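The letters A, B, C and D name the chains in turn, as written, and every chain counts its residues from 1.
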């Protein structure tokens, strides 16, 4: 069993960093406390390094998922870390520095904030490593629970607390759903280990309890990816939380959710239906309807928003819908090939989405109104390309990429979804995806037009300023550059995704026909 | 060595766009003009070095792997059809800069840099040998045009630009689905993914008629919007009326041709059986467009809107020639793309010059400009006549060929032993009904000329030359005339001597029509794709 | 048509076309040089008569070349190619190449036409140099540029080596017609007339274009040289000669019907004649050259050129005959009731064109060509005379307001030449060329039994023609001297200003009547000076005299030996249908009042013509003198009553067309416009609005209440489970 | 649910069948859900989620017994742990919220919407 530990070195490294950060944060020395962020970064870097060298788990359903997912998580985690820096305790530390107050360990939140972030990433990585239902459940909860706290303490305003309470309670409800689903899956198969479950399903096929469990479990996990019908919390929470936390929420739980969904689907395998290449009909229908509705609901709701964070929240819902298309499509007949492998397309899209979405939130995070509140209204970014060219252009590029404007990264991602879904014969879904991209263009264009083409408001008291945290602007720029630069490296990323998205088909054990 | 010409033609505008963006605003237009002219130099090289004996082959080809996983290569190369359209694009570029010289006063850097980027994107569409490279450029043209309309347009610019963007974007996303379907099919055919247009075409032709029909529908959703084919045309008048002059020129001159080029290259090239089957429907739509839009022109009061609707009408001829799928029709259509670019582009330029002076396009407020602007009026009449399709000018050549193409294209005439007929599903009646468009075109364009150019001088009430700030003389300046002369020469020369063009495109046209020489539509699909058939069958009514 | 079996139907152009000398290309090239020169003059701002002289020089040279062509011609047609215009090939076989050269096909018909086209153009150019002199400067350049362009286009039309060249010229002359009719572009009526001409012609052009398409599709070529020599066509002709029309494919029989539509448009025949009278808004030289002598005969040329094609159709030629005759009659009736002398001439042109078509229709292409030839001279002469009057009297054209012009000083030549022109138009026996050419048509019309009524119609028309022609002459040129200058100053404004005259007083009652009647205010007169009708100068007079002389020169050319020289010219061309039988005139079965029509018609038409003149004399010369204020017209009104009023309003044909075509189409356009705005665009906008509306509706779900969200989630879960299970169980 | 369970597992357990457990579990889950939706007090709402968790736990144990393996029971242990962690967080959150608004009604927190 200990050799299994080798797969968990990245998680362990993060965990160790977490513990260190938590302790460091209690130090009365300002310099020591400052190390929190650096230690977190080192932890992530180490995790990334370990993830690259992680062995391939040949027994898992997705044997090559772990290295890819963990590396991705660590890289995006680093970016998020830079973004999260300075979110909490900024004023408190400033007061301490100016001598107006003294440090009190109970009063300080910073260390908790970083360590919760690392916890959450640990949970996310563990999701990718999960090999049983119990593990999956725990990993998902580990991913989510810290984020509830992070949302709540991310700002000192009541909005964050409202977001926190909604997120927590609805999250608990969602967890109850998928837990019950998991229980039924266990009931249907008599196993919690994925390999066992897959073997049972491969041998005996689906049964009603199992189907029901899968449906409830998938819908429950949909909470993490904010898919219909579990999407309601998303805009409120994203708007209430501080922009860096929103950025994290749009990536971390979503990644966890998608990995969980992919794993759950992989348990059944894409070998049903007339072509023998789709999920069991009930599950396929569920995901199909969910994908179509999620895209549509997200995009249409985003149309009439003024709050940029809400727009991005709804866009986050819509993007989940796009990615679900890849899940419906499945790994295809030749999983090694990116073009037909929907799972690979989802993983790649997750990567694209991570960068472009973080970039958009980073622009908001790097701005503040003169009264200290966050920039959120669409008017706040009016003419941003003229007042803050770097941030403005980052916003424009990220919005264009989210829009799917060729040749930016978002387009490549969407193209992968197109090819895989068409390969799987899901042409109607592709058309819905296309139409939804067009609807989405309407509001993404606002995010392009407002900063770039419109004149900045007259220099008045409401003009936004850049916050004094350079790392946030750097994140914005890095993300914006990555949506351009990664296009050139697309071949590398695409082949990695294809490898990671390889799903092993479980062969039913050879045995005599004992069924009555 | 020669393969650097196309990348050079595409890169020079981009480089200059960046230069324009960082230069002082007052130098923007000069730099942009220089960029356009320098960008035209490699195109001249293409024109001279092109091997016209071998015009159907893709020349100056070069490619770099980009995403081999998709079979995606940055692959460029042109046959003579693409060459001519590239030449048109390169010609219109500097003219647009000249035409905007004084019209664009504010935010010049923004304007000219996007104009240059647009140039690159358009060249890319025609030069692409890879499906996705084509699509990227095809889609990317939307953004510059969106900005040109949305920032530099007139009063309703926002609605117009958004409508333009969303309408065409929606269509092309559905087209992408169709194109990807073809790519997937071809992957099954070859055993590996390829996005090379030539490979895709030969694979796609083995699809079953049902598959071809659906692919046709998908691709048309993108290309027919762009053309625009009735009833998908309503974005165009709005976009044209609101766009700045250069935007209109490019829009009419090149962007609409992306649609017809797409139909030529992809619809005809990929799904000939479906085209053969649905040609009557497409032809009827084009004819409705010709007559319907023509009649609408008649009752317009806004000159620019009138010309915009006339584009809808004219492009109907172009599509009609395409679906005639014979040598005359295709040649006519390809020439139509060029000729419409020259003459309608010029008309928009003319109207722009007028608008700059009078700040109105309402025929009720303008009239008899011949007595005040004789040079302008002469050019206007000239280009209107080119647009009407007067023999001896370019419009005639293409219109005539499209019509005779439609006339010939009748299998029943072939069966009746008429030597000049070609296999096809159209026939004399199509030519007749489309031909009424010639009459209608004469009607609305001459009425427009009659009101704007001839008659008693009428100027807008608030028009005072002293305080309009533009400091333009009443009649055209040397700069404006310089912009018009190449277009006028093109109209005249290609009207009297189209044979060089016809000769140049003969080979690709013959290759294109050869793909229509199938026996009967084969009902049995490719064995590997029985499953695909099943999927398509599901959605089929 | 049944007795045509014995006719020998072969073509002179059976032999493969040879090569024409290269210099015939100069004939169209020279006017093009003129175009370029005039454009340059316009750019340079030349304000002298230089454009006119350049034009006359170019055209004169072209005319000389046309004569050279005549002298150098032999029987075989020749082709000369300037460059390849179209060449699209999709196979090796016959008909699998659509090819058209930019080149010229020279046979005798071409030469005949080119002779009078270039000749008249030169003369009228000379005339115009004076006539248009008030407008020297840009307008002058513009005029001569279009004038040259017209001659170029006409040359292409006539000399073109294929139907596409014909089409090029066809629309080219239409363009020039448009530009020249609308020459006075500040005058709304002129602009409208130009527009009308172009648009109506376009309808005809559509027919022509379709005819060209069908020709290509059916015969596989549109080059005359190949077409007329093709075995296919020869075979049809043989069938047609034996009356076996059922052996000829319907497509081949359709071709002439389509070409005919084009011809009717250009040559102002029913139902497309309506543009020609309006076209008189143009300067008179234009009316003379384009709308009387040359362009409007293009339709006749087309039919003559494509005569073999017309013969293979059972119905084409009879249709041509009927349309021609009806047009001739209708236009003559309208012409009788008009007051504007130029318009009368215009209707007369329409009427005479009807004769020509009737002539073609009854298979006397020689007669038709001869009539084209003579008509070109005398009608140009008539128009130029009218123009001289108009020029001299400030645009006055109302025959009620002019009288005794011939008696005025300096107007003698105009009077005499006018008389010659009128006599020609009437067909005054023996001494006029019009008599001879018209006779051929009339006689042949009676020869064709199947078109017998056509002959009677034409005969009646001949009488009407005589009446209205001399109505003009007796009214305007003889009788007491009296005139009211015109109010239309377009032709005169610069000139008037130059002489210190000003007619621009803005009140319509301004009256320069110099009649004995004390009908005007002398103080008024003193204040504004006297109006001096200015007599034509040397250029105009010279041209008039030459043209008058030419009408006499034409007599032997058309009269001798059944068609004379013109007959020979036609004989050696594609239009030589009559070659086999015209000489004999031996259609034994056909008789008119017991005599051979060819013989008796000389007398009948003379009598009819003279009778018409007599009526005109009685009503408009004698009758006018007896009662000063047109009691004759009153008398006529009593007799004719509403008929006359209807005729004066041109039988309300324009109104009818407006009612039948233009107005419904306009309403339709408006309907389309609103459909486009509301329905088509409305659907698009709805599609765009839909997501937004959906989003608005869905926003109600985002009410911010925790319980609500939880309820929705739970409900959604339940719904999903139920829906999915239902769908699965249904499909299972 | 009963029929569903029996159809899947025709073999009855002694006396009390799996179906009974499942019905109970389902009822508990539904009760929790209904309570969550209908009650306004945040603490009660949280307790309702606990009820739902325990319903799942009950099902797990029943299945565990049915399948005669211990996986389900192991799962329950972890579920309890997570539930405890959630409870800690919930209480902390509730305290924080109460300090802000002096109320535990969930309806107090509806500023973010649209």
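Keep in mind that, in the parts below, a contact is a pair of C-beta atoms (placed from the backbone, for glycine too) under 8 Å apart; a residue touches a chain by one contact, two chains touch by 3 or more.
The structure displayed is predicted, hence computed values, not measured ones.
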Give me the fewest steps it takes to get from chain B to chain D if each step has to go to a chain it touches. 2
Relative to chain A, largest Cα-centroid distance belongs to chain C
Chain occupying the middle, per Cα centroid: B
If you average the CA atoms of chain C and of chain D, how far apart do the two points sit, in angstrom? 95
When centres are defined as mean Cα positions, the distance from chain A to chain C in whole Å is 78
Whole-Å gap between the CA centroids of chain A and chain D: 26
I'd like to verify one number: the distance from the centre of chain A to the centre of chain B, where each centre is the average of its C-alpha atoms, in whole angstrom. 42
Give me the residue numbers in chain A that touch at least two other chains, ranges are fine. 165-166, 169, 173, 212, 235-236, 442
Shared-contact residues (touching 2 or more other chains) in chain B: 166
Listed in rising order, chain C residues that touch 2 or more other chains are 699, 702, 704, 706, 710, 714
So which chains end up touching which? A-B, A-C, A-D, B-C, C-D
Which residues of chain C touch chain D in their complex? 699, 702-707, 710-711, 714
Sort out for me which residues of chain A touch chain C in the complex. 165-166, 169-170, 173-174, 177, 212, 215-216, 219, 223, 228-230, 232-233, 235-236, 281-282, 285-286, 289-290, 296-297, 299-304, 439, 442
Can you list the residues on chain A that touch chain D in the complex? 132-134, 137-138, 141, 145, 148-149, 152, 158-159, 161-166, 168-169, 172-173, 175-176, 179-180, 182-184, 186-188, 190-193, 207-209, 212, 235-236, 239-240, 305, 310
Residues of chain C touching chain A in the complex: 691-692, 694-696, 698-699, 701-702, 704, 706, 708-710, 712-717, 719-721, 723-725, 727-728, 731-732
Going by the contact rule at the top, pick out the chain A residues touching chain B in the complex. 274-275, 337-340, 400, 405-407, 411-412, 415, 418-419, 422-423, 425, 427-428, 430-431, 434-435, 437-438, 441-442, 445, 449, 453, 488, 490-491, 494-495, 498
